(Lines give C-alpha, C1' and ligand atoms only; values in the text may rest on other atoms or scores of the structure.)
Protein backbone atom coordinates (compact mmCIF):
# COMPACT_ATOMS: atom_id res chain seq x y z
CA UNK A 1 0.00 0.00 0.00
CA UNK A 2 1.63 3.18 -1.26
CA UNK A 3 1.31 5.94 1.36
CA UNK A 4 3.55 8.56 -0.28
CA UNK A 5 0.65 10.84 -1.21
CA UNK A 6 -0.82 10.76 2.31
CA UNK A 7 2.57 11.58 3.81
CA UNK A 8 3.10 14.47 1.37
CA UNK A 9 -0.28 15.81 2.41
CA UNK A 10 0.60 15.55 6.11
CA UNK A 11 3.82 17.40 5.38
CA UNK A 12 2.02 20.23 3.55
CA UNK A 13 -0.39 20.60 6.44
CA UNK A 14 2.46 20.82 8.95
CA UNK A 15 3.91 23.86 7.18
CA UNK A 16 7.43 22.55 7.85
CA UNK A 17 9.95 23.47 5.13
CA UNK A 18 13.27 22.02 6.38
CA UNK A 19 13.66 19.01 8.62
CA UNK A 20 12.86 15.33 8.71
CA UNK A 21 9.77 13.16 8.61
CA UNK A 22 9.60 9.95 10.63
CA UNK A 23 6.97 7.41 9.64
CA UNK A 24 6.65 4.11 11.49
CA UNK A 25 4.24 1.22 11.71
CA UNK A 26 2.44 1.08 15.06
CA UNK A 27 1.92 -2.70 14.81
CA UNK A 28 4.82 -5.04 15.36
CA UNK A 29 3.79 -7.29 12.47
CA UNK A 30 3.82 -4.41 9.98
CA UNK A 31 6.46 -2.37 8.22
CA UNK A 32 6.98 1.03 6.64
CA UNK A 33 9.60 0.82 3.90
CA UNK A 34 10.84 2.60 0.81
CA UNK A 35 11.23 0.98 -2.56
CA UNK A 36 9.98 1.02 -6.13
CA UNK A 37 6.25 1.15 -7.01
CA UNK A 38 6.43 -1.90 -9.28
CA UNK A 39 3.99 -4.72 -8.68
CA UNK A 40 6.36 -7.51 -9.81
CA UNK A 41 8.85 -6.36 -7.19
CA UNK A 42 6.19 -6.50 -4.48
CA UNK A 43 5.37 -10.09 -5.49
CA UNK A 44 9.10 -10.84 -5.24
CA UNK A 45 9.20 -9.37 -1.73
CA UNK A 46 6.28 -11.57 -0.62
CA UNK A 47 7.73 -14.76 -2.04
CA UNK A 48 11.21 -14.01 -0.70
CA UNK A 49 9.95 -13.25 2.81
CA UNK A 50 7.87 -16.42 2.80
CA UNK A 51 11.08 -18.33 2.00
CA UNK A 52 13.07 -16.63 4.77
CA UNK A 53 10.34 -16.95 7.42
CA UNK A 54 7.64 -19.42 6.34
CA UNK A 55 4.22 -18.99 7.94
CA UNK A 56 3.73 -22.75 8.36
CA UNK A 57 3.92 -24.98 10.21
CA UNK A 58 2.64 -22.63 12.94
CA UNK A 59 4.14 -25.00 15.49
CA UNK A 60 7.68 -24.07 14.43
CA UNK A 61 7.39 -20.73 16.29
CA UNK A 62 7.48 -20.57 20.08
CA UNK A 63 5.58 -17.28 19.84
CA UNK A 64 2.64 -19.28 18.51
CA UNK A 65 2.56 -21.34 21.74
CA UNK A 66 0.87 -18.26 23.26
CA UNK A 67 -2.16 -18.85 21.01
CA UNK A 68 -0.97 -16.51 18.22
CA UNK A 69 -0.36 -17.73 14.68
CA UNK A 70 1.72 -14.78 13.47
CA UNK A 71 5.24 -15.69 14.61
CA UNK A 72 6.41 -15.48 11.01
CA UNK A 73 4.94 -11.97 10.59
CA UNK A 74 7.19 -10.59 13.37
CA UNK A 75 10.25 -11.92 11.54
CA UNK A 76 9.11 -10.72 8.11
CA UNK A 77 8.53 -7.23 9.41
CA UNK A 78 12.03 -7.25 10.94
CA UNK A 79 13.52 -7.80 7.47
CA UNK A 80 11.44 -5.01 5.93
CA UNK A 81 11.99 -2.54 8.80
CA UNK A 82 9.72 -0.66 11.19
CA UNK A 83 10.31 2.92 10.12
CA UNK A 84 11.66 5.34 7.56
CA UNK A 85 13.24 8.72 8.12
CA UNK A 86 12.96 11.04 5.13
CA UNK A 87 14.53 14.46 4.61
CA UNK A 88 12.22 17.45 4.13
CA UNK A 89 13.65 20.11 1.81
CA UNK A 90 11.83 23.24 0.62
CA UNK A 91 8.57 21.87 2.00
CA UNK A 92 8.70 18.57 0.06
CA UNK A 93 9.67 14.97 0.84
CA UNK A 94 13.22 14.73 -0.49
CA UNK A 95 12.94 11.34 -2.22
CA UNK A 96 15.15 9.80 -4.88
CA UNK A 97 13.73 9.38 -8.40
CA UNK A 98 12.11 5.96 -7.77
CA UNK A 99 11.61 6.15 -4.03
CA UNK A 100 8.04 5.57 -2.84
CA UNK A 101 6.93 4.89 0.73
CA UNK A 102 4.91 1.73 1.48
CA UNK A 103 3.02 0.21 4.36
CA UNK A 104 3.20 -3.59 4.48
CA UNK A 105 1.21 -5.80 6.84
CA UNK A 106 2.35 -9.39 7.32
CA UNK A 107 -0.46 -10.58 9.58
CA UNK A 108 -3.72 -10.19 7.73
CA UNK A 109 -6.05 -9.31 10.55
CA UNK A 110 -4.89 -6.01 12.00
CA UNK A 111 -6.15 -2.49 11.58
CA UNK A 112 -3.57 -0.45 9.73
CA UNK A 113 -2.06 2.53 11.53
CA UNK A 114 1.10 4.53 11.07
CA UNK A 115 2.62 7.27 13.13
CA UNK A 116 3.95 10.36 11.35
CA UNK A 117 6.20 12.84 13.12
CA UNK A 118 7.65 15.84 11.34
CA UNK A 119 10.27 18.03 12.95
CA UNK A 120 11.97 21.12 11.61
CA UNK A 121 10.96 24.64 10.84
CA UNK B 1 17.03 -6.92 27.24
CA UNK B 2 14.10 -4.50 27.45
CA UNK B 3 15.40 -0.92 27.70
CA UNK B 4 12.08 0.92 27.31
CA UNK B 5 11.96 2.04 30.95
CA UNK B 6 15.52 3.42 30.86
CA UNK B 7 14.75 5.33 27.67
CA UNK B 8 11.54 6.77 29.14
CA UNK B 9 13.56 7.93 32.13
CA UNK B 10 16.18 9.59 29.90
CA UNK B 11 13.37 11.32 28.04
CA UNK B 12 11.79 12.64 31.27
CA UNK B 13 15.16 13.98 32.39
CA UNK B 14 15.68 15.77 29.07
CA UNK B 15 12.48 17.80 29.55
CA UNK B 16 11.75 17.48 25.82
CA UNK B 17 8.01 17.38 25.01
CA UNK B 18 7.88 17.19 21.18
CA UNK B 19 10.55 15.69 18.95
CA UNK B 20 12.30 12.42 18.31
CA UNK B 21 14.50 10.04 20.24
CA UNK B 22 17.31 8.17 18.50
CA UNK B 23 18.71 5.10 20.25
CA UNK B 24 21.50 3.06 18.66
CA UNK B 25 23.86 0.30 19.63
CA UNK B 26 27.47 1.47 19.87
CA UNK B 27 28.84 -2.00 19.10
CA UNK B 28 28.65 -3.35 15.59
CA UNK B 29 27.66 -6.81 16.77
CA UNK B 30 24.66 -5.47 18.70
CA UNK B 31 21.24 -4.14 17.80
CA UNK B 32 18.53 -1.86 19.14
CA UNK B 33 15.14 -2.94 17.84
CA UNK B 34 11.43 -2.68 18.57
CA UNK B 35 9.12 -5.62 18.93
CA UNK B 36 6.86 -7.46 21.37
CA UNK B 37 7.97 -8.30 24.94
CA UNK B 38 7.13 -12.00 24.58
CA UNK B 39 9.81 -14.52 25.47
CA UNK B 40 8.72 -17.13 22.89
CA UNK B 41 9.19 -14.54 20.17
CA UNK B 42 12.71 -13.77 21.38
CA UNK B 43 13.55 -17.49 21.21
CA UNK B 44 12.18 -17.48 17.65
CA UNK B 45 14.42 -14.53 16.75
CA UNK B 46 17.50 -16.35 18.07
CA UNK B 47 16.76 -19.57 16.25
CA UNK B 48 15.87 -17.78 13.02
CA UNK B 49 19.02 -15.64 13.05
CA UNK B 50 21.15 -18.71 13.72
CA UNK B 51 19.59 -20.29 10.60
CA UNK B 52 20.23 -17.20 8.43
CA UNK B 53 23.81 -16.63 9.67
CA UNK B 54 25.12 -19.70 11.54
CA UNK B 55 27.93 -19.07 14.01
CA UNK B 56 29.82 -22.20 12.96
CA UNK B 57 31.99 -23.24 11.32
CA UNK B 58 33.95 -20.10 12.23
CA UNK B 59 36.08 -20.73 9.14
CA UNK B 60 33.17 -19.90 6.83
CA UNK B 61 33.61 -16.17 7.54
CA UNK B 62 36.54 -14.23 6.09
CA UNK B 63 36.14 -11.76 8.97
CA UNK B 64 37.22 -14.56 11.29
CA UNK B 65 40.55 -14.83 9.42
CA UNK B 66 41.51 -11.69 11.37
CA UNK B 67 41.42 -13.70 14.62
CA UNK B 68 37.80 -12.83 15.46
CA UNK B 69 35.11 -15.46 15.86
CA UNK B 70 32.08 -13.18 15.55
CA UNK B 71 31.58 -12.89 11.78
CA UNK B 72 28.05 -14.24 12.21
CA UNK B 73 27.22 -11.61 14.85
CA UNK B 74 27.85 -8.77 12.37
CA UNK B 75 25.36 -10.34 9.96
CA UNK B 76 22.76 -11.07 12.64
CA UNK B 77 22.87 -7.50 13.87
CA UNK B 78 22.38 -6.29 10.28
CA UNK B 79 19.07 -8.18 10.11
CA UNK B 80 17.90 -6.78 13.47
CA UNK B 81 19.04 -3.21 12.77
CA UNK B 82 21.41 -0.78 14.47
CA UNK B 83 19.02 1.92 15.62
CA UNK B 84 15.47 3.00 16.27
CA UNK B 85 13.95 6.45 15.89
CA UNK B 86 10.89 7.01 18.07
CA UNK B 87 8.51 9.96 18.12
CA UNK B 88 8.22 12.00 21.32
CA UNK B 89 4.73 13.44 21.89
CA UNK B 90 3.58 15.33 24.99
CA UNK B 91 6.78 14.31 26.78
CA UNK B 92 6.31 10.55 26.24
CA UNK B 93 7.71 7.91 23.87
CA UNK B 94 4.98 7.60 21.25
CA UNK B 95 4.93 3.80 20.96
CA UNK B 96 2.26 1.51 19.52
CA UNK B 97 0.31 -0.72 21.93
CA UNK B 98 2.80 -3.63 21.86
CA UNK B 99 5.98 -1.77 20.96
CA UNK B 100 8.86 -2.24 23.37
CA UNK B 101 12.51 -1.30 22.75
CA UNK B 102 15.19 -3.98 23.09
CA UNK B 103 18.95 -4.23 23.10
CA UNK B 104 20.29 -7.44 21.57
CA UNK B 105 23.92 -8.55 21.64
CA UNK B 106 25.00 -11.28 19.22
CA UNK B 107 28.61 -11.67 20.35
CA UNK B 108 28.58 -12.67 23.99
CA UNK B 109 31.67 -10.92 25.26
CA UNK B 110 31.11 -7.20 24.85
CA UNK B 111 30.16 -4.53 27.33
CA UNK B 112 26.71 -3.25 26.50
CA UNK B 113 26.36 0.41 25.58
CA UNK B 114 23.73 2.40 23.74
CA UNK B 115 23.67 5.99 22.60
CA UNK B 116 20.53 8.01 23.22
CA UNK B 117 19.96 11.34 21.51
CA UNK B 118 16.78 13.33 21.97
CA UNK B 119 16.02 16.38 19.88
CA UNK B 120 13.03 18.69 20.00
CA UNK B 121 11.66 21.24 22.41
CA UNK C 1 32.80 2.42 -0.04
CA UNK C 2 33.55 4.17 3.24
CA UNK C 3 31.87 7.61 3.29
CA UNK C 4 32.55 8.52 6.93
CA UNK C 5 35.11 11.20 6.04
CA UNK C 6 32.81 12.89 3.51
CA UNK C 7 29.98 12.94 6.03
CA UNK C 8 32.23 14.40 8.73
CA UNK C 9 33.20 17.12 6.29
CA UNK C 10 29.56 17.89 5.46
CA UNK C 11 28.87 18.12 9.17
CA UNK C 12 31.75 20.56 9.77
CA UNK C 13 30.51 22.74 6.93
CA UNK C 14 26.98 22.81 8.36
CA UNK C 15 28.23 24.32 11.62
CA UNK C 16 25.73 22.19 13.56
CA UNK C 17 26.97 21.17 17.02
CA UNK C 18 24.05 19.18 18.51
CA UNK C 19 21.48 17.21 16.56
CA UNK C 20 21.26 14.33 14.16
CA UNK C 21 22.54 13.47 10.71
CA UNK C 22 20.41 11.44 8.28
CA UNK C 23 22.19 9.81 5.36
CA UNK C 24 20.26 7.70 2.86
CA UNK C 25 20.84 6.10 -0.51
CA UNK C 26 18.83 7.79 -3.27
CA UNK C 27 18.75 4.60 -5.36
CA UNK C 28 16.52 1.74 -4.35
CA UNK C 29 19.16 -0.86 -5.15
CA UNK C 30 21.71 0.76 -2.84
CA UNK C 31 22.22 1.01 0.88
CA UNK C 32 23.83 3.23 3.50
CA UNK C 33 24.85 1.17 6.52
CA UNK C 34 27.15 1.19 9.51
CA UNK C 35 29.61 -1.54 10.33
CA UNK C 36 33.30 -2.32 10.70
CA UNK C 37 35.90 -1.21 8.12
CA UNK C 38 37.32 -4.72 7.67
CA UNK C 39 37.57 -6.10 4.17
CA UNK C 40 36.97 -9.74 5.16
CA UNK C 41 33.67 -8.70 6.70
CA UNK C 42 32.64 -6.94 3.50
CA UNK C 43 33.37 -10.14 1.53
CA UNK C 44 31.21 -11.99 4.06
CA UNK C 45 28.37 -9.52 3.50
CA UNK C 46 28.53 -10.04 -0.28
CA UNK C 47 28.57 -13.81 -0.09
CA UNK C 48 25.82 -13.90 2.52
CA UNK C 49 23.54 -11.56 0.57
CA UNK C 50 24.10 -13.61 -2.59
CA UNK C 51 22.93 -16.66 -0.64
CA UNK C 52 19.82 -14.91 0.71
CA UNK C 53 18.85 -13.30 -2.62
CA UNK C 54 20.75 -14.90 -5.53
CA UNK C 55 21.12 -12.76 -8.64
CA UNK C 56 20.44 -15.71 -10.95
CA UNK C 57 18.43 -17.06 -12.55
CA UNK C 58 17.09 -13.62 -13.50
CA UNK C 59 13.79 -15.32 -14.39
CA UNK C 60 13.11 -16.12 -10.73
CA UNK C 61 12.16 -12.47 -10.08
CA UNK C 62 8.86 -11.04 -11.36
CA UNK C 63 10.49 -7.60 -11.22
CA UNK C 64 12.80 -8.77 -14.00
CA UNK C 65 9.76 -9.38 -16.26
CA UNK C 66 9.76 -5.59 -16.72
CA UNK C 67 13.07 -5.83 -18.57
CA UNK C 68 15.23 -5.21 -15.48
CA UNK C 69 17.80 -7.71 -14.23
CA UNK C 70 18.24 -6.31 -10.73
CA UNK C 71 15.38 -7.92 -8.79
CA UNK C 72 17.93 -9.40 -6.40
CA UNK C 73 19.52 -5.98 -5.75
CA UNK C 74 16.24 -4.60 -4.36
CA UNK C 75 16.11 -7.47 -1.87
CA UNK C 76 19.78 -7.23 -0.90
CA UNK C 77 19.45 -3.53 -0.20
CA UNK C 78 16.42 -4.24 2.00
CA UNK C 79 18.58 -6.45 4.23
CA UNK C 80 21.33 -3.83 4.46
CA UNK C 81 18.96 -0.89 4.99
CA UNK C 82 18.32 2.38 3.17
CA UNK C 83 19.47 4.91 5.72
CA UNK C 84 21.35 5.64 8.90
CA UNK C 85 20.59 8.23 11.55
CA UNK C 86 23.63 9.30 13.55
CA UNK C 87 23.81 11.53 16.60
CA UNK C 88 25.81 14.78 16.35
CA UNK C 89 27.48 15.78 19.63
CA UNK C 90 29.87 18.72 20.11
CA UNK C 91 30.07 19.15 16.34
CA UNK C 92 31.19 15.55 15.62
CA UNK C 93 29.52 12.35 14.40
CA UNK C 94 28.88 10.45 17.63
CA UNK C 95 30.01 7.00 16.45
CA UNK C 96 30.96 3.94 18.48
CA UNK C 97 34.63 2.84 18.47
CA UNK C 98 34.36 0.65 15.35
CA UNK C 99 31.44 2.31 13.61
CA UNK C 100 32.09 3.46 10.06
CA UNK C 101 29.48 4.51 7.50
CA UNK C 102 29.36 2.74 4.13
CA UNK C 103 27.60 3.08 0.82
CA UNK C 104 26.85 -0.23 -0.88
CA UNK C 105 25.49 -0.64 -4.40
CA UNK C 106 23.99 -3.99 -5.36
CA UNK C 107 23.25 -3.25 -9.01
CA UNK C 108 26.51 -2.42 -10.73
CA UNK C 109 25.36 0.15 -13.22
CA UNK C 110 24.03 3.11 -11.30
CA UNK C 111 25.52 6.46 -10.48
CA UNK C 112 26.14 6.68 -6.75
CA UNK C 113 24.29 9.37 -4.83
CA UNK C 114 23.42 9.85 -1.21
CA UNK C 115 21.30 12.42 0.54
CA UNK C 116 22.64 14.02 3.70
CA UNK C 117 20.39 16.01 6.00
CA UNK C 118 21.65 17.49 9.25
CA UNK C 119 19.29 19.04 11.76
CA UNK C 120 20.04 20.68 15.08
CA UNK C 121 21.73 23.82 16.26
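Residue numbering begins at 1 within each chain, and the chains themselves are lettered A, B and C in the order written.
Note that contacts are C-beta pairs under 8 Å (C-beta built on N, C-alpha and C of every residue); 3 or more make two chains touch, one makes a residue touch a chain.
Keep in mind that this is a model prediction, so the values were computed, not measured.
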- [ ] Please decide if copies chain A and chain C contact each other with the same set of residue positions, more than half shared, or with different positions, and reply same or different.
- [x] different
Task: When chain A is superposed on chain B by its C-alpha atoms, the rotation angle in degrees, nearest 5 - done: 120
Open item on the list: Centroid of chain A to centroid of chain C, CA atoms only: how many Å?
Closed with: 19
TODO: Please list all residues of chain C that touch 2 or more other chains.
DONE: 20, 52, 79, 81, 85, 119
Task: Contact set on chain C toward chain B in their complex - done: 18-20, 33-36, 38-41, 43-45, 48, 52, 79-81, 84-87, 89, 94, 96-99, 119-120
Open item on the list: For a test of understanding, state which residues of chain B touch chain C in their complex under the given definition.
Closed with: 20, 22, 24-28, 52-53, 61-66, 71, 74-75, 78-79, 81-83, 85, 113, 115, 117, 119
